[in-house]
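In what comes next, chain A is part of two complexes: it sits with chain B in the first one and with chain C in the second one.
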Partner chain A sequence: MSLFTEFPEMTRTELRDFKKAIDGSFKDFIHAYGEGIENFFKPLLHFLKWFEDLLVGTPWPIMLIIIALLVWAGSRSWSLVLGTVISMLVIGYLGMWENMMFTLALTTVATLICIIIGIPLGILMSKSDRIQSIITPVLDVMQTIPAFVYLIPIVMILGIGLVPGLIAVIIYAVPPIVRLTNLGIRLVDTDILEAADAFGASSRQKLWTVQMPLALPNIFAGVNQTIMMALAMVVVASLLGVHGLGLEVLKAVNSQYITLGFMNGLAIVAIAIVFDRTSQKFGKRLQKHSEVIHG
Partner chain B sequence: MKKLLATAAIATIGMGGTAMAEECGDITMAEFNWASAELLANVDKFILEEGYGCDVELIVGGTSSIFASMDGKGEPMIAGEQWVNGVRELVDAAMDAGRLHAVNRGPITGLGEGWWIPAYTAAAHPELETVLDIIEHPELFPSAEDPSKGAFVGCPAGWGCQQINLNLFEAFDMEAKGWVLVDPGSAAGLDGAIAKANEREENWLGYYWSPTSIIGKYSMQPVPFGVEYAGDEHWNNCMSKPDCTEIQQTAWTKSEVFTLVTDEFMQSGGEINDYLAARIYPGPVMNEMLVYMADEQASGEDAAIEFLLTREDVWTTWVSEDVAAKVKAAL
Partner chain C sequence: MASHGIEVKDLFKIFGPHGEKYIEAVKNGMSKADLNEKHGHVLGLKDINISMPAGKIQVVMGLSGSGKSTLIRHINRLIDPTAGSVHYEGVDVCQMSKSELQEFRRHKTAMVFQKFALLPHRTVIGNTVYGLELQGINKGDAEERARKWIDRVGLSGFEDHYPNQLSGGMQQRVGLARALTNDADILLMDEAFSALDPLIRTDMQSVLLDIQEELRKTIVFITHDLDEALRLGDHIAILRDGEVIQQGSGQEIVLNPADAYIADFIKEVNRGRVISVETIMNKTPIEGAVEVALKTSDMLETAAQAMAQKHETSANVYDGSNNLVGSIQLKETIDAMVTAAKH
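Presenting the complex of A and B:
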């Protein structure tokens, strides 16, 4: 009867040996490949470090002008540019300029890498139902597995610092852009595709001149989501010693500094809003643009 | 247990009332919520129950809650591994007033905070005897992000020791000597950094504390600072504070750990107090046990049995032959 009251579980020793065996083989893996993996990521580290130094090293007025120009180029909205400049000034005045630059560098690079990895993966998924059925569960895992779980193996392989932090951010932030690229391409009207076929378009022409432009609003929604998630992960990345606003939040949490926590937390929110509005407005303009062509 | 008590009681009658069961009875003892204290409490429990015929109840808690309860209510009666630095003023006050007594001022040797390097680094560079020697060689400890600089891994953001490490970094003028202070972000980051360095046999310099399983597992070695401790006054009012302008080079403050007992227990505990005073774990033995606990994911109780079975050389020196025999029989 004990079968019904007690779950038939592994014995303590078996379970312990099972865990130890996996941990052990992971350690063997590190011994064998750890250095190789670290060297593989070296160029990324150099790029990230260079970009970070560039952002921090640029005098703040120039940086502010560049950011304002980028926001204007993306959104064509004076109110957004004004809002951006004011919030950046406030953040800087409250002593968070340098940390903001660190965070901007990390999120920008993370977003770029997510786009570079995510869009091709999304296109691939949209081409084949089989690939979609393989990648979708992987994306589910990446989005839902608690970040703390994969932080430990990442640190064991790569140590602490920028690259492991970046990888943790990418794991969490890449799924939306993959999903939405896939979705956007799949949602393109079959009538339009038939028309393209009728004109004798090759599948490459179809992808770049028909499907991608029409999928752009969705892809942009994906980019937007990716940026938001990357910013949300900044605090988790700081658990691996990535400096920036996230580390200050962590410090505030560990020492019960309420104001410090809110200041840095709200600075992250401000950056997020700027990114979000700019990329959304940019996406909308692209959409208008393509509507003119295809309309 | 019952049987043992009964036997002891009979013996008492027979021998005219000199046995210990009468004096012992019920004891409450703190089991602090970290690994070394769990082990220590469970070893005490086993020895006191089997060797001295006491009835021990363990009370689980953290440093401040246990201390408050002990000082206020006299419960638990014994705190085996009370870290004093964090609650020093309260401990001093309670001891001055005679409410609490330290029966053992160092139940574990070689414990404390400081700067550590891996054993292979120490073996490969015997000339690096102190922190003063090490800071002249940042090139041996290259930072991943900027290999031209040496990496010193400090405390995670927001820990009390973060400021101390920052001040020490400045006091030893390490930035000018080509070092960067790396913030590991979290305990997991700090542990991971040590584990990674050791798995790959890279040199590593950073903050940690003992007794811990990670120090034992990777046989990390504490580095003497090479300068004198500059005194409590300086440490408390300067090294631990931001914006202190008069920082001096200093060794890390000594961590003190006491075995505390309540005044009542001090009066009535008799030979139990002698046991508590004699019960001293050599640091490496404790670290080994912590590695065992971490590797085998063992509870304090399991680890206590393991310790009693395998380290007879250590614990039999704490007790009389008579008691040792009883404990061995119970194992």
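Presenting the complex of A and C:
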């Protein structure tokens, strides 16, 4: 009768051996390939370092002008440019300029890598239902597994530093762009695809003349989500020793400094709002001609 | 002018995972309903044989679900047949490899769609050059050729507009310009004017007839509108439930409907615009002075108008090379215009 009252679980020793076996083989794996993996990511480290130095090294007024121009190019909205400049000035005045640049560098590089990985993966998924059925659950896991869990193997392999932080951010931030690229391509009007077929388009021509342009607004919504998620991860990334606004928040948590925490937290919010509004306005402009005007 | 017709032979299409398994059964008379209920397959086309004339307009007419859109998609193989063949220039389109088919679609056919199917992110000129762009023709040449056709369909000045800035009629003009710019011998028009307002539809029919006068392409035109079919079609095939139930010229169909279904169809037709003078004339010309002269190709409506205007009750008829070949009476003309089919 004990079967009903006690769960038929593994014995303590079995369970210990089971965990030990996996941990052991993972450690062996790291022992064998750890250095190779680290070397593989070296160029990424150099690039990120270079980009950080570039942002921090550029005199603040020039940086401010560049950011204002980028916001203008994306949004074509003076009020957003003004809001951006004011919030940047306030953040700088409160002594967070350099940390903001570190955070911007990490977010930008993470987003770029997400785009480079995510869009081709999304295209691949849209081409085949089988690939979609394989990749979708992987994306589900990436989005729902607690970040701390995958920090463990990352730290074991790459230790503490910029690259592990970057990888953690990418794992968390890449799913939306993959999903929305796939969705965007699958949602393209079949009538238009048929027309492309009728005119003799090859599948490559179809992709570049019909599918990608028409999926662009969705892909862009994916980029927007990816940026937001990357920003949300900067505090977790600071656990891996990534400097920037996130690290200040972490310090504030550890020492119970309310003001420091909120200042840096709100600075992250400000960056997020600027990114979000700019990319949304840009996305809207992309689909200007796709909207049907009824009348 | 297009020199080759399109031969559709013994074409069957059965939709479903194992269409080919039921070909024999369908040939032996299994009905569409039986196939659907017992085997879960849908009979799209059954034993289609149509010889589409070169340089003429072939109309395929039928109501929704008759298989007409399925049929036109077999000509450029947007749909693969279950059995049968479509021959053009001696080659079976159904046997072409992927690359041959791509070349065939690029150079031999062009298509106009019911819902226009324009690229919303491209301007009028960007849409019009699409076919040439796929062929790899450089942008300058392509745009030059496109402009000519944009002008021809009456869209000059709209080159840089986006489709969503244009009305339905104008969008379909873009669709037509896109197809014509391809300079293909075969023009496939899938209910091309069905989505347009009646006035604009008539207008577009005139544009098409006008262009055809000059180009003499082999046009396959799908419609559910009998008036449209009779106005445009040199040769008409009527489809019902995936089968051709009658084919011939508009006049043949109106004068001799094959069954009650077609008779019902043509009840509302303006016969005066379909039946020619030649059909009802007497082979004996009227002697002496006759006020009204008609041509064999004139329609009865024209004949009645001409006679009424001059207060005459008869007219002499001349053929294409102006030889006197016969005569008609006003009474016979009016009789032929109003008599219903004998079914």
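The definition used in the following text is that the second predicted complex is superposed on the first by the 288 of 295 C-alpha atoms of A that agree within 3 Å, B and C clash if a C-alpha of one lies under 4 Å from a C-alpha of the other, contacts with A are read in each partner's own complex, and residues count from 1 in each chain.
What we mean here is this: contacts are C-beta pairs under 8 Å (C-beta built on N, C-alpha and C of every residue); 3 or more make two chains touch, one makes a residue touch a chain.
A quick note: this is a predicted structure, and the numbers were derived from the prediction, not measured.
Enquirer: Touch test for A:A195: chain B only (first), chain C only (second), both, or neither?
Expert: second
Enquirer: Touch check for A:S238: first (chain B), second (chain C), both, or neither?
Expert: First partner only.
Enquirer: Which partner chains sit in contact with A:A252 here, chain B, chain C, both or neither? Use first/second/both/neither.
Expert: In the superposed model, A:A252 contacts chain B only, not chain C.
Enquirer: Looking at the overlay, what does A:I152 touch: chain B (first), chain C (second), both, or neither?
Expert: first
Enquirer: Check the residue A:L214 against both partner chains and state whether it touches chain B (first), chain C (second), both, or neither.
Expert: A:L214: touches chain C, not chain B.
Enquirer: Answer with first, second, both or neither: which of chain B and chain C does A:G92 touch in the superposed model?
Expert: Neither partner.
Enquirer: According to the contact criterion defined above, which of chain B and chain C contacts more residues of chain A?
Expert: In the superposed model, B touches more residues of chain A.
Enquirer: Would you check which partner chain A:Q205 touches, where first means chain B only, second means chain C only, and both and neither mean what they say?
Expert: A:Q205: touches chain C, not chain B.
Enquirer: Applying the document's contact rule, which stretches of chain C touch chain A when the two form their complex?
Expert: 76, 78, 102-107, 109-111, 113, 115, 117-121, 130-131, 133-135, 162-165, 182, 188
Enquirer: Can you tell me which positions in chain B touch chain A when the two form their complex?
Expert: 144-146, 153, 156-159, 162, 182-186, 188-189, 192-193, 195-197, 199-200, 295-297
Enquirer: Which positions of chain A touch chain B when the two form their complex?
Expert: 16, 19-20, 27, 30-31, 34-35, 45, 49, 148, 151-152, 155-163, 238-243, 247-248, 250-255
Enquirer: Within their complex, state which residues of chain A touch chain C.
Expert: Where chain A meets chain C, its residues are 189, 191-192, 194-202, 205, 209-210, 213-214, 289-293.
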